[in-house]
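Report on one structure; see the data block that follows.
Labels for the chains are A, B, C, D, E and F, by order of writing; each one numbers its residues from 1.
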């Protein structure tokens, strides 16, 4: 994971990223059912640190497993600063996969955010801590009442998308997307300019330009944008 | 579409409208799964301008179709001021059917709002622009990754409700409803008074009236309301 | 319903309660699909006052049934102060089971809140009144367009959980949970301390403690907490 | 419940019944998600004997409740010959609401069939016994693992339809429908003739008649049918 | 639509077709939720004749619309022999979109089959007539109770797939797939041979071949197959 | 995996097994959404051999991965005779996770069956081969169009149930259940007798016994059963 790529991706919206990846043939990169916990949450970027749960089974899902070597606590302690934790819950939303204490620790470690297709719990406390979460709602119930944690840093399914350890994750107001490493550098290179072009097109439209003249921007429009950008420096 | 009707309907809540239509035998007029993008969004009223998508098929859903004559851009340019765009996505929510630039253009044209049973993208930008949207969530993915636009101003299904071009649409905090033109004038005539009656009943209840004495208001209650309204002039 | 228990439970989060009940073998106590209407809504506690709807049938669901002896209005008038109304809608969310006038009356009576697995209507008015609601979204449509009210104070299903009249209900930002009376006293006794321990653990974590040293808290950690609590008095 | 009505309804398909009720303004009478257990199962008719379950709660759903006075066994013993048992499971399909032994007893008693929006268990044994069931699939799990039985002969919701004790139930290859008593006599009177007309129209169509000439049958077509029926006596 | 192509496609399974189309980049061609009405139903092939429904609205969905010029009856009379009717119901499965009489007429006309993402009614009669249907279950309720027919031979969505008039449809035990015309000739040319290769591979496997030696067949395996086919002539 | 245990479990229905496990506190052992492909399929028993898929991603899900070392073909070759393959598809049912050739190989190897919460393809061919499958329907589409195979013999989620390699799987007409090894021996010991008792109770009921006298069987009833069993020897 390159710091430069992360810095560049922070300036690129998930909408611009999915458009780029769609043009490369990748259509299934947006993680379904993972909404920002707090409206207006800032964009987060990092390498995926994957976690995997299976449904709870009564002969396994006891509180005693909280001291087992395979635990979300052990996984959290293993996370590097700057990563984004991505959790596969198999669609279980009647138990909170993460609560305030795990989130507090992730924040202290420097984890950039948590993305899960399951629920989280202790919502108010997590907002207070200020740790950015994208989840499928909330649930009071403890993780162990619905889920068994089984491994980390393996390929997972999250919200209908495959996530491999080391994929880049970008998450903002439109949700979270997966960026395969082979495309990250390209997006880091061209994305911020695309973002500026988009903003310029939007301004032209708000000033009265017709869509059919300007959108999507063809080469002539892009030339006008570049000229305008030069003038405004 | 009459301006007077639109002005009158702006004073009538969707709850009052559905109650009226229910009494006329129409029970399926509330568009399911279309929530206001922004809490507290002001009520919008307009004639339905319908748009229809089918799922994307890889041999059709390429970026090159963005310049095709049948495009959402062309449809938007065709919209009259004061209409409400209503989009049938067939329930596809893993692609954003509309983004910030189309919404910016609709705003400039004077379109009153957008109602869709699909997702939108560029949520933060759309909120910034201040264009009112009722949608089934958000998705980063481009429209073309999940949807093909096929026609406009034809009958559609939106959120489990039939919408015909020219139906009135009213949308507020409780969602969006369809008002067949034949009923719009009646609602415009009686709705604002019903709204005032409702407010008065609520105030009576907050002052201690028992439900069984006042709600739903019978003729005697309505008489008391009218007397009170006269006194307060 | 004991006032002391209610007062104590107000200090205990639903997350702490479900953890306690899970340890006693109760895993299905969190009511699914009932979200706070307003973010940041204060925690509410009360005895369950149950209401039950079945789907509307056209030969029954007419406005004339609003004056029938079995009505939500009659049920609301029957509610004691301090209870929490819990409604079983059988999963119907295309009609609003409760509106602003019923909520206004509940507020005047002193009902502590409403929990339903259905939708409510008149959202903006209910927020204005300030009556706390946990529901599965909103819908403009009148109750009678989708629901027939059949009885109250009988066992119900709400959000996939059995609720019996007299169960305690606690609802906060993570949703609503059912507390069987036999466990309420125990939770009232130990819950507030557990809450303080949780907060202390969170603070330790935010100050740099590793999860594996402190969470979940074992007896040694609990001893440190108690010592710290004594010092800070 | 009249024997004559039951005998007559046995000759009327659920499709003909729902068409009749639709013309009377009843659109929600077909029970969703209740399929015949065995293809080709014979049509069954009877008065609804309703049963109601709520989700299991661990403090209640123990095997000891099998000897409680409120039990499916007690309810079955209370069923009159000729009724149809209709069960409201609140949509729980991960536990079998009825098994082979309860079905065996219902068969001996003379119950005409079982309709449930939940699952049943012991599928092969029930087919062997030859008791007709309409259910939402099967599940091995015991009823008590997912459901608590709470009362019988009260109004219920089954498959999105309200069922009241004493409603007529007709079930065939297209599923199960509710016939409010006030309409049963009319359908018993006209239904068998409608059924013969339908068959005759179908034969005309199979012999080459165009739909636009014969369907739906207008008065002239009905006259031709009656003439043909007279000739063939 | 070419007769030769239809004849050739009859020898190609939908599994072989989707594999071919996947290799061309088309992944979304299998129509979801449309199962064969009768197990063992023979494979059907034809050009798509599309039909489109929107939800019923009480002010439109009256029996009087059965005589309207836009009706399923008129559409059926417009169908050419050899086509496959494909219906978009917008996911409404609580009303039967087609019944026995329409199916009887389609059979007489020579329509090859019906594919719908909605339900059908008169299941037993349709089986008796012997008209092949792929649907999302059955429902007793009349079409008009849930659906309004709006147009035909326009692009539709069926089971999450875009279908355009003139696309080829192939339906067998694994469901129904869409074949864009540009690919139909290629599949007609190579498909039957692929089918024979598949059968041969299966036989080799049943005779003990290891998957890793034979599947998927590489060029050497294909050579062995061709040699074997020559020997067996 | 003990042959004796497998032989004994073959005589025990999944309904009897889930009742036993429920009494031990295990309520979530029935695999949801996995139905027998063929009605009347014989009961199968074996140790779970687990397989795991994640959603397809276009940069990975190419046909070239069919020759990768991590492939379903390699996993199948690794399966021991007598196991039951259990596949976690993450709920993807729009692609067939297994087809006729893999099933043919499993049959030759001596695998006892396949259980998956996804779809299978080549349904007719699999029935012809006679390999027993429990799946969530069928789909023509190739596995690679929706799924990427990632590992085998790791803990998985299948149909909402945790399955660990080495758990026993029993599958019959009511679906498939997981038996943790620690309980398998007990069930093997007592299950066949319970099965005979059940059959005897059913016969008593069919001969007129009242449920309240005989079901569920108490110690006196069990004594009568044992006496009867002795007599009939």
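The rule we apply is simple: contacts are C-beta pairs under 8 Å (C-beta built on N, C-alpha and C of every residue); 3 or more make two chains touch, one makes a residue touch a chain.
All figures in this text were calculated on a predicted structure; none of them were measured in a lab.
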* Structure fact -> Looking at Cα centroids only, farthest away from subunit E lies chain C
* Asked: Among the chain pairs A-B, C-D or B-E, which one reproduces the interface of A-C, with more than half of its contact pairs identical by residue number?
  -> A-B
* Structure fact -> Chain centres computed over CA atoms; the one at greatest distance from subunit F is chain B
* **Rounded Å distance, subunit D centre to subunit E centre (Cα mean)** => 31
* In angstrom, rounded to a whole number, how far apart do the mean CA points of subunit A and subunit F lie? -> 36
* **Rounded Å distance, subunit C centre to subunit E centre (Cα mean)** => 49
* To do: Quick one: report the Å distance separating subunit B from subunit D, using the average Cα coordinate of each chain.
  => 39
* **Multi-partner residues of subunit C (at least 2 other chains)** => 25, 27, 29, 56, 160
* Structure fact -> Contacting chain pairs, sorted by label, are A-B, A-C, A-F, B-C, B-E, C-D, D-E, D-F, E-F
* Structure fact -> Note: in the complex, subunit E contacts subunit D through residues 63, 66, 73-74, 76-77, 93-94, 96, 99-102, 104-105, 107-108, 121-125, 129, 137-142, 144-146
* Structure fact -> Seen from subunit D, its contact residues with subunit C in the complex are 25-29, 53-60, 88, 90-92, 148, 150-151, 154-157, 160-163, 178, 180, 182
* **Residues of subunit E touching subunit F in the complex** => 13-15, 17-19, 22-23, 27, 29-30, 32, 35, 40, 160, 172-175, 177, 198, 201-202, 205-206, 208, 210-212, 215-216
